[in-house]
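Working notes for the structure below.
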Amino acid sequence: MDALEAALDMIWPRRLARYSGWAMIAPAILLVGILVLGLVQIAEGSLHTLDRSTFLPSEEYTLANYQTIIDSTTYWRVLWRSLLGAGLTVFFTLLLALPYSYIMVRTSSATIRKSLLVVLFLPFFIGQVVRAYGILIVLGTSGAVNDVLGLFGVEPLRLLFNFPAVVFGLVQYMLPFSVLLLAPALTAIPRETETAASSLGANWLQSFWHVVIPMAKPGLVGAGLVVGTLSLTDFAMPAMLGGGSQDFIANAIYDQFFRTADQGLGAALALLLVALGSVIAGVVIAIFGAGTLGMGGRK
Amino acid sequence: MTSKHTRRGVLRAGMATSGAALLSAMPAGRLLAQEPEKPSEIIVRAWGGEWVDALKAGVSDPFTEMTGIAVRHDLTEDNEIQPKVWAAVAQGRVPPIHINWDTTTNATKSALRGVTEDLSDLSNLANTTELAKPVGLDGYPLINTYGYVYVLAYRPEAFPDGPPTSWRDLLDPRFKGRIALYNDGIGFHFPAQVAGGGSLDDIPDNMEPCWNFVREIKEQNPLLGEDPDFTTWFQNDEIDAACTISTNALGAKRNGVELAWTVPEEGCKFDTDCLWIPKNLPENELYWAKQYINLALSQESQQVWLDGLGLPGVVPGLTPPAGLENDPSYPTKPEDFEHLIRISSAVQVQNESDWFARFKEIMQG
Amino acid sequence: MISRTQRILFWAIVWFSIVILSVPTLIVVGASLTAGNIISFPPEGLSLKWYGEIAMARDLRGAFGRSIIVSLICLAVSVPVGTLAGLALTRFRLRFTNAIQVYLLLPFTIPLIGSGIGMMLVFGSWRILGNVWPVGVALAAINIPFIIWSVSSSAASLDGDLELAAANCGAGRVETFLHVTLPGVMPGVITGGLLMFVLAMTEFLVSLLLTDARTVTLPVQIYNNIRSIITPDLAAVSSVFVVIALFAVWLLDRLVGLEIFLKSK
């Protein structure tokens, strides 16, 4: 132990203590830096158009790819759909995750708590694609849900391949993440606070609204940020549950990189998406704080 | 830029002629004595499922038997391997595969970009039909290995009055939400041009008839997907008809899905798949990769490989698989081609992005 | 204490969540037992033949082994990096915190296709593509926010006075870190580590761009198989995953107790 202390004193003397925070965050900044280096490569690519007689990027630098995107009604529509999809996913995921985490944290039965945790963990282990495939079977025209509806005399419904199906798939995918993000925040709320509120005559809705939600805010903001950014850039759910007509931006990027080989246009779309996501995240953090993603500084 | 291109062209031409001279001048025994060092394995990109099984039986296994070189199949999609190969060649790295089994349209892009090796010196090329030669490209930067048809596949029970005779039959209200197309519209554009009242000669200059018909189809809320989606959808009773490659329909049928297919009066798109070798391979591995493709062009290999796929090959004298004699998806005679539409790869790659964008614009609305 | 209406409403939502979380998994497991050749539910006759198929498949086993290696490397990179960053964000007053937060969220705001293509180009120029370990590093990079948040949510409620007290009692910095700080954030480290491992085991898009036929990992193999015809062996592989998951959860419960995921202090 002493040797370790000595070694630390050698490489990081105490007088550097005020920079310790930076030293500790530096590895993460470097790791994400790999992605930034990739982003730089992509940014360079976005400034060249594709020459379709040689399938090489043009020599000269140009903003033509960005112009193409701005002029295209398709991309605006897809962009709007991604934003709406991400927003709805955040809303519905939190709507389900809040009671789920609340019950899980507050229940007095260890069995219930553990069962709820197991239910949460299992879907993690089968990837997004296989889960989406499970959804295809359940919600299909001859799937389980339509079988049940058939018992009530309802004709088979087309439940898949539309916008709600994509949002449903995203909510199903994001729910475990957001419960795990919310639970620690809810645990931190003392049970007594709620009891106090109700003893002052507040009904459960009021005490939930005025006590629990404000105190769970860091968890809600953190979960919202994670769910929002991940669904904004999601690829698999729109591809599998959207029936091909519900593309999100990531699908449009995929098409340009892999289908039409127009890497410049794909790169421009990717950069715009990163910018959009970062601006939204920045605004949310500026207004609400970063939530559980870091609560900013020792008081 | 231009000078670089010319130089590369000259180099390529020079290599090709010397290679060809080498092959023809030396008797086979001498050639074997001097063959370059064998790699322990070569990697062939292939489509999975039925596709790779057929290739393995027809080409890969015989190749391993003949040469002792193992063949590893990379099941990455053709679209998804493309940027990987392009990046490798651009960065001067050894590419991740030795041979790419690719659609001719995709491969033409790679050929135009200059990332493919010239294959003009393969001895078995002498025995191939006109179909093997890529259209609109110099030499053999890729070799077509068989043709296929984007048929109209349908569920017979949904068409009690007999097979659909026209693509316009799909506009019947009872097929609303029950038809499927490829999500980039591939295979559908050309018949749509005819079904929309236009002429094939107007491709690519005036495709308005095609877009008009696509708009009519859009009103039917078609599902858009890729090969595996079609199988899943037919299987799960989501669709009644689809424009898809005959092999997928055949594969689904062999897996127990009730399916039939037809070529409607407007015609169907006919296209080819091919094999090619990316640049930057070590000299000896390039040699053995070429031997692999050469084997794939032999009559024995074509017979077994294409039996598995149910598709017509590029060497004369192949026997059609049982049940596919005179099938519209297995064209062999000139009259079989009357209803099939073949547009050169050059025209396709030049315009594909625009068609794609147009199709998306209509379908994403 | 919880009122009746609240109880009914909340439990209704919880049951709905349980159903939507579990049913697709159960369907996939059920479909893996089919005797037929296509994935369907209910299965056409029961059989274990697809488990026999995957046990025989050498390529699947190889891919599974590589996935384990990749996930362990991801864990080895992300746990120290994420723990330090999580602590730095909560225990120190840094300038430009908001900007750093947005920067550290980049792995989520960059679409995976963009990250994949970008890292393929970067790793390609560093001449390290074709190895297994860069895939682990890449997966650490794209999922790092998960472990940062789970550590910082534990750290936020850690009592700073404890560390001060330890230091005042003459404990060195390493000692304080190992005996006071680290145990305090352990729940977050375990939650985050588990997430990193599981996500690395199932990520396919970035992995696809960074692997080749010799280094292909299990999710990439599954993804590529899905692209052709979908056979029940896929459902069988997923079911094996579910069994592994159940075992891991059981083991975790025995070792540290599942409640660790809920603790914030």
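Chains: A, B and C, in written order; residue numbering restarts at 1 for each.
Everything that follows uses one rule, which is that a residue touches a chain if its C-beta (ideal position, glycine included) is under 8 Å from a C-beta of that chain, and two chains touch if they have at least 3 such contacts.
The model shown is predicted, which means the values in this text are computed figures rather than measured ones.
S.K.: Among the chains, which one keeps its Cα centre farthest from the Cα centre of chain C?
M.R.: B
S.K.: Would you indicate which pair of chains has the most C-beta pairs in contact?
M.R.: Looking across every pairing, the one with the most contacts is A-C.
S.K.: How many angstrom between the C-alpha centroids of chain C and chain A?
M.R.: 14
S.K.: Compute the distance, rounded to whole Å, between the mean C-alpha positions of chain B and chain C.
M.R.: Centre-to-centre distance between chain B and chain C: 38 Å.
S.K.: With chain centres defined as C-alpha means, what is the inter-centre distance between chain A and chain B in Å?
M.R.: Spacing between the chain centres: roughly 38 Å.
S.K.: Which positions in chain A are in touch with at least two other chains?
M.R.: 137, 143, 257, 263
S.K.: List, in ascending order, every residue of chain C touching at least 2 other chains.
M.R.: Where chain C meets two or more other chains at a single residue, that happens at 40, 117, 120-121, 226, 230.
S.K.: At least two other chains touched by the same residue of chain B: list those residues.
M.R.: 77, 80, 83, 232 - these are the residues of chain B that touch more than one other chain.
S.K.: With touch defined as at the start, can you tell me which chain B residues reach chain C in the complex?
M.R.: 43, 47-52, 72-77, 80, 83-84, 87-88, 91, 93, 96-97, 226-228, 231-232, 235, 251-252, 255-257
S.K.: Under the definition above, what is the set of chain A residues touching chain B in their complex?
M.R.: Listed in rising order, the residues are 50, 52-56, 59, 72-74, 77-78, 136-137, 140-143, 158, 160-161, 243-245, 247, 255, 257-263.
S.K.: Okay, in this complex, where on chain C does chain B touch?
M.R.: 36-38, 40, 117, 120-121, 124-125, 127, 129-130, 208-209, 212-214, 216, 221, 224-231
S.K.: If you look only at chain A, which of its residues touch chain C in the complex?
M.R.: Counting only chain A, the residues touching chain C are 1-2, 4-5, 8, 14, 20-22, 24-25, 27-29, 31-32, 34-39, 41-42, 95-97, 99-100, 102-106, 110, 113-114, 116-131, 133-135, 137-138, 143-144, 168, 171-172, 175-177, 180-181, 183-185, 187-188, 195, 198, 203-205, 208, 218-219, 222, 225-226, 229-230, 232-233, 235-236, 249-250, 253-254, 257, 263, 266-267, 270-271, 273-274, 277-278, 281-282, 285-286, 290, 292-298.
S.K.: Taking the touch rule as given, give the residues of chain B at its contact with chain A in the complex, in rising order.
M.R.: 1, 5, 77, 79-80, 82-83, 109-110, 112-114, 177, 183-184, 221, 223-225, 229, 232, 236-238, 349-350, 352-353, 356-357, 360-361, 363-365
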